[in-house]
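What follows is a set of structures to go through.
One chain, chain A, links the two complexes that follow: it is found with chain B in the first and with chain C in the second.
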Partner chain A sequence: MTRVGIPQGLFYFYHYPLWKTFFSDLGAEVITSGPTSRQTIDVGIDHAVDECCLPIKVYFGHVYQMMQQQPDYILVPRLISTEHRSYICPKFMGIPDMIRATMPDCPPLIDITIDCSRETRQLWRDIYQLGTLFKASRKSTKAAYEHGLQEMRSLRVLVRQGYTPGEAMQLWENNGEGQTLDNNSDICVGVLGHGYSLYDPAISLNLIQRLRDLGCKVVLLESCSRDLVEQEAARLPKKVFWTLGRKMLGSALVMDQSEDIDGIVYLACFGCGPDSMVGDIVSRKVNHKPFMLVTIDEHSGEGGLLTRLEAFCDMLRRKQVRELESNIPAYGFYAHSH
Partner chain B sequence: MRVTFPHMGFMHIPIKSLLEGLHREVVVPPPITQHTLALGIKYAPESACLPLKIGLGNYIEALEAGADTILMAGGWGPCRFGLYAQVQRDILQELGYDFQMVILEAPDSKISQLFDQLKRLGEKVSFFEAVQAIRFAWYKTAAIEKAEERYLFTLPRTIDKDRAEQLWDQVLLGIDQAKSRKAVDEILNQALQAWDGLPLHHEPVLRIGLVGEVYTVLEPFSNQNIARNLGRLNAEVSNSIQLTEWLNDNLFKGHLIKSRTPHINNCARPYLPCSVGGHGRETVGTTVNFAHQGYDGVVQVGPLTCMPEIVAQTILIRVAKEEQIPCMTLYFDEHSGNAGIQTRLEAFTDMLRRRKALQTENSDFQQGGTCSAVLSRG
Partner chain C sequence: MQYFLGVDIGSVSSNFVLIDQQQQVVSKVYLRTNGNPVNAIREGFQSLRRQMPEDAGIAAVGATGSGRHLADIILGADVVKNEITTHAVAACHYDPACQTVIEIGGQDSKIIILRDGIVYDFAMNTVCAAGTGSFLDQQAARLGIAIENLGEQSLASSRPVRIAGRCGVFAESDMIHKQQMGYPMSDILMGLCEAMVRNYLNNVGKGKKILAPVVFQGGVAANRGIRKAFEKSLGLPVAVPENHDVMGAIGAAILAGEAVSASQPTRFRGDGFILEGDFKTRSLDCQGCPNLCEVACIMRDRKILSYWGDRCRKWETSLKPAAQAVVV
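Coming up: the complex of A and B.
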C-alpha cells in the first residue's frame, strides 16, 4: 500500500480532513508526523534558514520527522491562493522548493499547486494528475476530492461551535468523542492569529487553553459570521490581499463592535510579513475594546506569556466591575511588546 | 500642490524631472540620513521592513519642508509592499500632517491607464508635454545607468578610488540639474572620459553579482553602500536590477524595452518554478545567470524579514552547490553597522580570491574547483 505522509504543520489545521479523506479514498495509507514537540522545533531550527518565521521552521521539523517514517510520498502543497485575487504568504509559494533545497534526500514530494487566484481549471488538472499516481480514474479522483471537501466542511461546522481546529480534528477522527466545552467563564476574549501558529499548542505556547484556564470564553475568527467579516474588512480604503490577514482584520472589527466580547488578543509571529502590517492596522482600528498584541518566536517563554495573559484578564475583570459601578465607558487600551 | 515621493537610489532625479515636466512643484526629500531613519523607526510598526521605515522618514522630512502631496506606488501582494502606502498614510494622519496621497497602481493590462494616472498628476498638461516629460526622465535614467556601469567598472581597477567616487557624485548632481538632452550628454561624456583617464593597478579584480530585493539593491543607504565598499576591495559589482528595467517590468509592463525577465525566469525554473512575490524568483534566476556568466560570487541583500528573499535565500543554498557559485546573504535593518558589514565583505572577498587562485592552479591538472560556500548572517 502506498504511504503518504502529511506533515502536521502550516495548513494541516485547515486542510487535513480534505487530504486524509482524498488519499484514503484513493487507497493510500495516510500517516502524519504527530503533534509538534520540542524536538520538532529543534530539528526545524537546524534545517531552516535563521530568518524564517517559527511556523515555517516547525514545518521543516515536521517534514524531517516525516522522513524518518519513510513514506513513499510527502504532501507539501504549493499554496499560492485559496480564493480570487488573494494570497497566503510568499513563503507558502516556495515551500516545496525550500524543502528540496535544504533536504536533498527527502522522498518525492507531492507539490500540488493550489492557485485559485485566477481560475480553478488548472487545479482540477493537477488533482486528476495526482489521481494517476494512485492509478485512480478521473471519476474516482473527482469523487475522492469532493468527499474530502465535504469532510473539511463538517470540520468547519465543529469549529463554528467554539472548538479549536485542533480539538475539532480530534472529534472528527474519533467520530464525535473528545473533550467537550465547559461554559463556566465570566469574560469573553476574542483571539486572532494565523491558524497555523495559533492552533498549534507548541507554537502558540498553548495560548487558547491558558486563556480558558484563566476563566475566559475564547472566541475564534472561525466562529464569526463570514459575511460580516468580509463586510467589515471591505471598509478599508484598500483590501488586504492576504486571505488570512483580511479575515483577521475583518474579525477584529466585528469583535470590536460585538457586545459579548470583552477584549481582543492578537498572536503574531516574529518575522511574519502579514502580521507586521495587519497587526498594526488592527491595533489602529480597534478602538472600543482592550487589545493586546503578543509576538512569539522560538525564544518565547511560557512564564512571560502567562504573566501577560493574567494581567490582561485581571484588567478585563476590573473594567467589568467598574463599568457596573459607573456608567462611564472605559476607553481603549493598547499594549504591545514581545 | 507640492509633490514629494520616497527616495530609492537615484530615482529622485528622473522623478523630479518628470514631475517638473508636468508643471508640478516638487519637494525632493532631503538625502537619507540617520535622522531620517530615526524618524521612521519612531513611528513605523516595529516589525515592518526597512524600506517602509526609511520611506516614512522621507515623508516626514519632506512634509516639514513644505510638501503637501505624496506620490507612492501601490501593488497587489503577496509582498507587503502593496500595503506600505496604506499604513504610512494612517501613521502620518495620526501625526497630524495635512496632505494627500496619490497611489500609483500598476495597470492590469493597458499602458494607457498608467498615462492617465500620470496625466491626472499634471496641471494643464497636453498629451504631447506629458510624453516629452516621460521621455526626458527616461533619458536621464538611461544616462545615469550608463555612468553607473562605468563607475562600477572603474572603481575596483583604479588606484585613485576617491576621485572615481567623486566623479560619480558629480555626475548625479550634474544630471539632476541638466535641463536638456545636450547638457545630459555633455556631463555623461565628460565623466566617462575622466574615469577612463584614471590610473589603474594590475591586481586581479573579482566580479561579484549583487542580487536581492529591489530597494535594498538600489538604495545605498539601506545596504551600507555595499557597491562602493566592494569596489574599494577591488571587486567589481554588477547590479542584478536596473531602475529602467524595474520600471519597465513593473510600471510599464514590459512595453518600453525588451524585458530580460523571461530569460531570468528560465534560469530560475529548475530551482524555483513559480513567482513568490517581490524579487524572490529574480534573485534565484539572476544568481544562476551570474554563475553561467562566470562571476566569482554573488551577494544577496534584503531587508530583515523580507518574505520573498527568505524563500530565495533557502533556495540559494542549493544553487550555490549545483552551480558552484559562492553566495552570501546580508539582511539589513536599523541595527546594521558598517564595521560588521565591512568585516563580512572582506572575509567574503578573501575567500573568493583564494578560491580563484586554487582554481587557476588546479586547472593545469584539469580538475576544476569545487569549493563553494554559503555564509549567512547569524
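Coming up: the complex of A and C.
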C-alpha cells in the first residue's frame, strides 16, 4: 500500500480532513508527523531559513519528522490561493522548493499547486494528474476529492460549535468521541490568530487552554458568521487581499460589536508580514472592547504570556462588576478615547 | 497587631512590605534578587521580621512579580496576582483619581490606563528590554556612575544630546560616539533619559491616551532625570509616590487583606517553615515524551514542595494531595 505522509503543521488544521479522505479513498495509507513537540521546533529551527516565522520553521520540523517514518510521498502543497482574488502569505508558495533545497534526502513531495485566485480548471487538472499516481480513474479521483471537501465541511460545523480545530479533528477521527465543551465561565474572550499558530498548542504556548483555565469561554474566528465577517471586512477602504488576514479583521469587527464578547485577544507571530499590518489595523479599529495583541516567537518561558492573560482577565472581570454595580456601561463612555 | 504582607519578586529586585489595617506602610525591604529568588525571599522575609514589632502577626500574604509562584510556595500566599493588577491597585490607593500608571522595572515596562479606578487598558513591552532598568544599570556600570546618582547627574544638563533609543545596542553605540566627541556627561545622560522616554511612549504607550494624574512607579522612578524627561515629553506633571519602588508589593498586600476574612483563614506558612530548614531548587529533563520539558522543583530539606515547567502537568499534579497535607 502506498503511504502518504501529511506533516502536522501550517494548513493541516484547516485541510487535513480533505487530504486524509482524498488519499484514503484512492487507496493510500495516510500517516501524520504527530503533534508539535519541543523536538519538532528545534529541528525546524535548524533546517529553515532564519528570517521566516515560527510556524514555517515548525513545518520544516514536521517534514523532517515525517521523513523518519519513510513514507512513499509527503504532501507539501504549494498554496497560493484558496479563494477568488485573495492570497495566502507568499512564503507558502516557496515551501516545497525550500524543503527540497534543505532536505535533499526527502521522499518525493506531492507539491500540488493550489491557486483558486482566478479559476479552478488548472487545479482540477492537477488533481486528476495526482489521481494517476494511485492509478485512479478521473471519475474516482473526482469522487474522492469531493468526498474530501464534504468531510472538511463537516469539520467546520464542529468548529462553529466552539471546538478548536484540534479538538474537532479528534472528534472527527474518533467518530464523535472526544472532549466535550463545558460552559463554566463568567467572561467570554474572542481569540484571533492564524490557525496554524493559534491551534497548535506548542506554538501558541497553549493560549486557548490557558484562557479556558482562567475561566473564560473562548470564541474563535471560525465560529463567526462568514457573511458578517466579509461584510465587516469590506468596510475598509481597500480590500485586504490576504485570505486569513481579511478573516481576522472581519471577525475582530464582528466581535467588537457582539454583545456576548467581553474582550479580544490577537495572537501574532514575530516576523509575520501580514500580521504586522493586520494586527495594527485591528488594534485601531476595535473601539468598543478591550483588545490585546500578543506577539510570540521561539519562547518556551510561558510566564510573560500568563501574566498578560491573567491581567487581561482581571481587567474584564473588574469591569463586569463595575458595570453591574453602576448600570452604566463603562466602555461606551470612553469608546473613542484610544 | 495584625499586618498584611506583600511581596514582589521581580527579575532585578525583590520587595517586601508590611501594611497595617489602614493600608499604611509600616515597614519595607528592597533588595536585589541577584538571580536567586529563593534566597531573596528568605532574606527579605528575615530582614522584614527584624523590623517588625515582637507581637506583630501576619494576617494575610499577597505575592506578585515574575517569581510570585515561588513566593507562594515558600511563604504560602492568599493572593497570587500578576504585576499589572497589583500596580494598578497600589496606584489607585496612592491617588484614587489616577488615570495613568507608568511602571518601569528591571526587565519590563508597562503602561496601565485607569478610568474610575479600574483598569481600562494596559500594555507591556514586547520583544525587547531596551529602556528598562537593567539597561540603565548596565550603562551606569559602564560609565562608573552609581545607579543612584545617574538621575542627579543628568539633571545638571542644559542641552541634552540626542541618543538613538529604539534599541539598547544602538543607544549604547550612540552614547559612545557622543562621549568620544566630547559632549559633557550630564548632557549625554539626559539624552539617554529622553531616549528611554521616547522609546517607552512609542512602544509601550503606543496609541494610549495618557491623561493626568500620571503616577510613575517601579525602581526606575527613583531616577529624577527620567521623571523630568516624562514631564517634558507629556506636558503633564508626573507624580512619584514615596514608596514607588515597592508599589507592586503594596498592591499585593492590599489584595491579600481583601481576600482573607473570618471565613477564609490565611495560608501563611509561619516563621518556622520559612526561616528554618533548607530550601533548594533542582531541575530535571523529563524523558516522558519528545517535548523534553525542563521540569524544576523546589524542596525543603528532603521534602519536595512543588514541581513546575512540564507541559502535560504530569509532575506538577503528581504532588498535589501530599503537598497539601504538608501545608496543614
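We adopt the following convention: the second predicted complex is superposed on the first by the 326 of 338 C-alpha atoms of A that agree within 3 Å, B and C clash if a C-alpha of one lies under 4 Å from a C-alpha of the other, contacts with A are read in each partner's own complex, and residues count from 1 in each chain.
FYI, contacts are C-beta pairs under 8 Å (C-beta built on N, C-alpha and C of every residue); 3 or more make two chains touch, one makes a residue touch a chain.
Since the model is a prediction, treat every value here as computed from it, not as a measurement.
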Chain C versus chain B on the shared chain A, clash or fit after superposition: fit
First (chain B), second (chain C), both or neither touched by A:185: neither
Which of chain B and chain C A:37 touches, first, second, both or neither: second
Which superposed partner A:270 touches (first chain B, second chain C, both, neither): both
Between chain B and chain C, more extensive residue contact with chain A: B
Angle at chain A between chain B and chain C, C-alpha centres, nearest 10 degrees: 80
Contacts of A:209 with chain B and chain C, given as first, second, both or neither: neither
Which of chain B and chain C A:170 touches, first, second, both or neither: neither
First, second, both or neither for A:236, with chain B first and chain C second: first
First, second, both or neither for A:223, with chain B first and chain C second: neither
Which superposed partner A:82 touches (first chain B, second chain C, both, neither): neither
Contacts of A:314 with chain B and chain C, given as first, second, both or neither: second
Closest Cα approach, chain C to chain B, once both complexes are overlaid on chain A (Å): 5
Overlap of the chain B and chain C footprints on chain A, listed as residue numbers: 270, 284, 295
Complex contact set, residues of chain A against chain C: 37-40, 202, 206, 270, 283-284, 290, 295, 297, 303-304, 306-308, 310-311, 314-315, 318-319, 322, 330, 334, 337-338
Residues of chain C touching chain A in the complex: 66, 81-85, 108, 113, 115-116, 118-122, 124, 126-127, 207-209, 289-293, 311
Touching residues (chain side chain B, partner chain A) in the complex: 45-49, 74, 76-80, 82-83, 85-87, 90, 94, 271-278, 280, 304-308, 310-319, 331, 376-378
Chain B-touching residues of chain A, taken from the complex the two chains share: 48-53, 78, 80, 85-91, 93-94, 97-98, 100-102, 104, 113, 236-238, 240-242, 268, 270-277, 279-281, 284, 295, 336
